[in-house]
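The next part holds the structures, each set out as structure tokens.
Both of the next two complexes hold chain A, though its partner changes from chain B to chain C.
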Partner chain A sequence: MSEEVTAEILTTHILELARSGRRLDGRRPEEYRPVSIEFGFVTSADGSALARIGETAVVSGIKLEPGKPFPDTPNAGVLTTNAELIPLSSPTFEPGPPHPRAIEVSRVVDRAVRASEAVDLKRLCIAPGEKCWTCFVDIHVIDHSGNLIDACMLAAVAALSRTTMPSRRFELGEDAPLALAHLPMETTFCRLGNTIVVDPTFEEEGAAQGRLTIATDEVGHVVAMQKGLVGAFAPGEVKELAEAAFRHGDKLREAVRGGTRP
Partner chain B sequence: MGNGHRSRHRGQGREGAPSHSSRSDSARTLVLPGEELPSRGLGPGPGTYRVNGRIYASVLGLLQTQPPSVRVAPLAGRYIPRARDTVIGIVTDVQGTFWLLDIGAPRWAPLHMTGTPWKIDFGETQQYLRVGDAVVVAVEQIENTGRIGVTMIGDGLGKLEGGTLVSVSPAKIPRIIGKGGSMIQMIQKSTGCTLVVGQNGRIWLDGPDDGIVEVRSAIRLIEEEGHRRGLTERVQAFLDHGSGAPRGPKGPPPTAPWAATAEAPEPDPAEGPESEYDFPEKDVN
Partner chain C sequence: MGSVGAKEIPELIGADGRRIDGRRPDELRPIRIVAGPLHRADGSAFVEWGDNKVMAAVYGPREVHPRHLQQNTKAIVQCKYNMAAFSVDERKRPGLDRRSQEISKVIAEAFESVVFSEEYPRTSVDIYIEVLQANAGTRCAGLVAASVALADAGIPMVDLLPAVAVGKVAGRIVLDLKKEEDNYGEADLPMALVPQSGRLVLLQMEGHMTRPELGEALDLGVIGCRKIYDVMKQALRDRYAAGSVVSGAAFSAAGVAP
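And then the complex of A and B:
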């Protein structure tokens, strides 16, 4: 039972509602679900957060360890992102090797964090060519109710923003916060007929005819994009969606800035 | 977390042989998996098992003593099929002589072409039901191998055309049906929608668009507050109050099911103390 078949009548109903600008849960097409973040959710991690978008819940934990830099980047630290879609979170997820969807989520989150230069990898260098910090960004989806990419990104950035470099543990000096240079955020849109909706739910993703994820930063750069599912977006639409992505991204950034350091 | 909540239950001896109240004692008793249940000569019903003549709960849920058996109504969980249940299935695969249905159970249920009202020749199955179609079927039997036998022959069974589906936890279905089907009738009357409720937590509804939005919200309300008293009144008030307007999440945040048992319930003279927990077994059709 790896793929859940969406009932045809449900898909038809979602598309019919979309035609008049309505959605199953009563939201408007451009309305995001409520967002909340719980910082310091995993006490054993160097930084962590539980992010919720509607009923979707994602935990992210950051772990920093000294390691060896890559030979081609002797002056930079290492950043690795990994997303797990655990069977607990959805009936469609199975245990075993990573699902292509999990790989996509981790690659898209990794790309946005990397391309925005949110984590200054140069600052993770300890001794050029010899020793550097390796930063593991682990993402666990614990409840899948749609829009995993945005939720995973939100959790990862929220966790990174409250991460402490555990220098004392490795006898490398005093602990210091891992300062983020930028706050990149993903915003995902789905096409439902001629209507484009933001922050799709699980059911809407099942009915979607094309998905576009746009990563923005607070400076005004589009730092990464990902197109998914079968379906197309016109150039004009993409421009409009990029504008909208900044608006939604700014709200998500506000959620990360809010709250206090644990 | 179990112990903290359990200790707050109303006066029941917890040592030695448990002395749970039965339904007539007007207490809602939350039991944990593995907890011994008072059998009083009754047999093990759904949600329980028997070892050496003693009956234990197999799920986290509310204890119900319904002669001839004791049973535990789970608070949550996947649909566990039982014979004679009416369920809504979605076709996930088409074979030469049968379709595979996802009925929300741990396994897929094969619907054989002889179990339909149609006269089908071998290989014609695709012309009748395709992947993604929704059907109302009845569970006939659960074989020893775990195979779930379903049939589409019977009153109210068949392919669903139009309308839409809502999924809820199967544990909440009795709340949605209500005592003797009262809740479902109230919703249908107030919204002008037609509902078909499957015991597996899928609900088909059809009617005016505004009505569908309203039914959805009402179902969410029942899902979140089904464990609290005075549910019927609250749903009625909700349906009478502004209709059709799009709603965001409303009402108080979902309370943990045991919160209602942990605190003294507010007096509610309009309602018998146990009516919310009277699980009607078969109210569909």
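And then the complex of A and C:
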């Protein structure tokens, strides 16, 4: 029970539909599910968001606290990303130490946030070599209906985009917005035979012959990638998918820009 | 509890007898329950109670993990209560701690007392409680959420389990403590009631109460539980109201839809 199981008959059906460009939920291969964000969902956090992609729901909460910079980066703050695939969200997630799957999600999200330089770590420096802000990005998956990487990234960036640095709480001056320098977003694709679909549901992930995640920023850079699951992609496919990733990424960025600061 | 030596203790009961948030001593915080908001769970519920936000999911009856816990004559009830790192003011390190394990145990035992476990031998009913935002009374909020989730999952039970904490604040017995009252009050007494039998299946207490105060607290708690019971039943009625049996009832205000 420790792995996602998609019944063979369902897998066959999904692959058969894909051959004619159709999907189980009626979407086209290049169609993303509806996205929504509720900012400030958790008031105990310094920034938070509840993000939904279709039936997938993820809550992210940001906490900042003073800490010590790493010796090799005395002028920078510390950013830590942790995704919890809690057993509440799926029949196949078990309690206990983080599953490699959860670690992969955490690291892929962390990589894209870090590489995009969305959070300017220099601004998190308080006293060089002595004191800096540690920014904890905690991500809780509460309903897993597929495409966790995109959903976790969306929740994390949405939460970060509305985060307040709690200076007053630690007697370090006035509170100020964290302010993101960039808005990176992940876009995930799955191979179903010769068809490649975006934003897979968990049933599609179970049937997939390879998964590819491409993180993009708003100024035209690919900032992170991850190929997962058993399967392969041709370089030409990767190039095409990167183009598509920008289109989908821009839509996700729009969702984060929309809405008002709570 | 446990803020001994704190310098500034807020005035917990005003001259008008009102509490720090304006409530009367026997008044509950606003409570909202949504049954069935999750898609993958067999049953689920979201509870927003004062400044608490708690989600519960139920899976089962299903295979027992780990296998050696399996019982040949009945189902076992397992519970995991967990707090999100961002649910409290000072970030909580993710993972198991002794408090969460104790709470998980007493909640599992409370439910084992009401579930008809002999109907499903060699299986497990797994309850997961996630505290997303905490402001005192999370075990009671978690229990209420889990109870509605069990009903949503169709697990046969004697009754729903409403729960509430009663406390002593500035010498007064009050219902449903909020954070400041919990931190600076004199006693905290969480309880869960089986409304049909009038018996308590979860009962804890910490602090100081005289015997008359204990009596008053228990009576007040029972009244509080009965009010919460009504909200729980309504949440389930709403879920199964004619034509509205949809999975994934919205548990929060809709966000921005691009």
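Here is the rule we use: the second predicted complex is superposed on the first by the 261 of 262 C-alpha atoms of A that agree within 3 Å, B and C clash if a C-alpha of one lies under 4 Å from a C-alpha of the other, contacts with A are read in each partner's own complex, and residues count from 1 in each chain.
Quick note on the criterion: a residue touches a chain if its C-beta (ideal position, glycine included) is under 8 Å from a C-beta of that chain, and two chains touch if they have at least 3 such contacts.
As the structure is a computational prediction, the values presented were derived from the model and not from experiment.
Partners chain B and chain C, brought together by superposition on chain A, clash.
Looking at the superposed arrangement, the partner reaching more residues of chain A, out of chain B and chain C, is C.
In the superposed pair of complexes, A:Pro34 makes contact with chain B and with chain C alike.
In the superposition on chain A, A:Val42 contacts chain C only, with no contact to chain B. Using the contact criterion defined above for the overlaid structures, shared-chain residue A:Leu50 touches chain C, although it does not reach chain B.
Once the two complexes are overlaid on the shared chain, A:Leu24 sits against chain B while remaining clear of chain C. Contacts of A:His182 after superposition: neither chain B nor chain C is touched. In the overlay built on the shared chain, the residue A:Arg211 is in contact with neither chain B nor chain C. After overlaying the two complexes on the shared chain, residue contacts for A:Thr11 are found with chain B alone; chain C is out of touch.
According to the touch criterion, the shared surface of chain A, contacted by chain B in one complex and chain C in the other, consists of residues 1, 34, 91. Against chain A, the residues of chain C that register as touching in their complex are 37-42, 44, 51, 53, 55-57, 59, 62-63, 65, 80, 82, 84-91, 94, 126, 128-130, 132-135, 248, 252-258.
Of all the residues in chain B, the ones that touch chain A in their complex are 78, 90-92, 102, 108, 130-134, 160-165, 204, 209, 212-213, 216-217, 246-249. By the touch criterion stated above, chain A contacts chain B in their complex at residues 1, 4-13, 17, 20, 22, 24-28, 34, 91.
On the chain A side of its complex with chain C, the touching residues are 1, 34-39, 41-45, 48, 50-52, 55, 57, 59, 61-63, 65, 82, 84, 86-91, 94-95, 136, 138, 140, 142-145, 202, 251, 254-255, 258-259.
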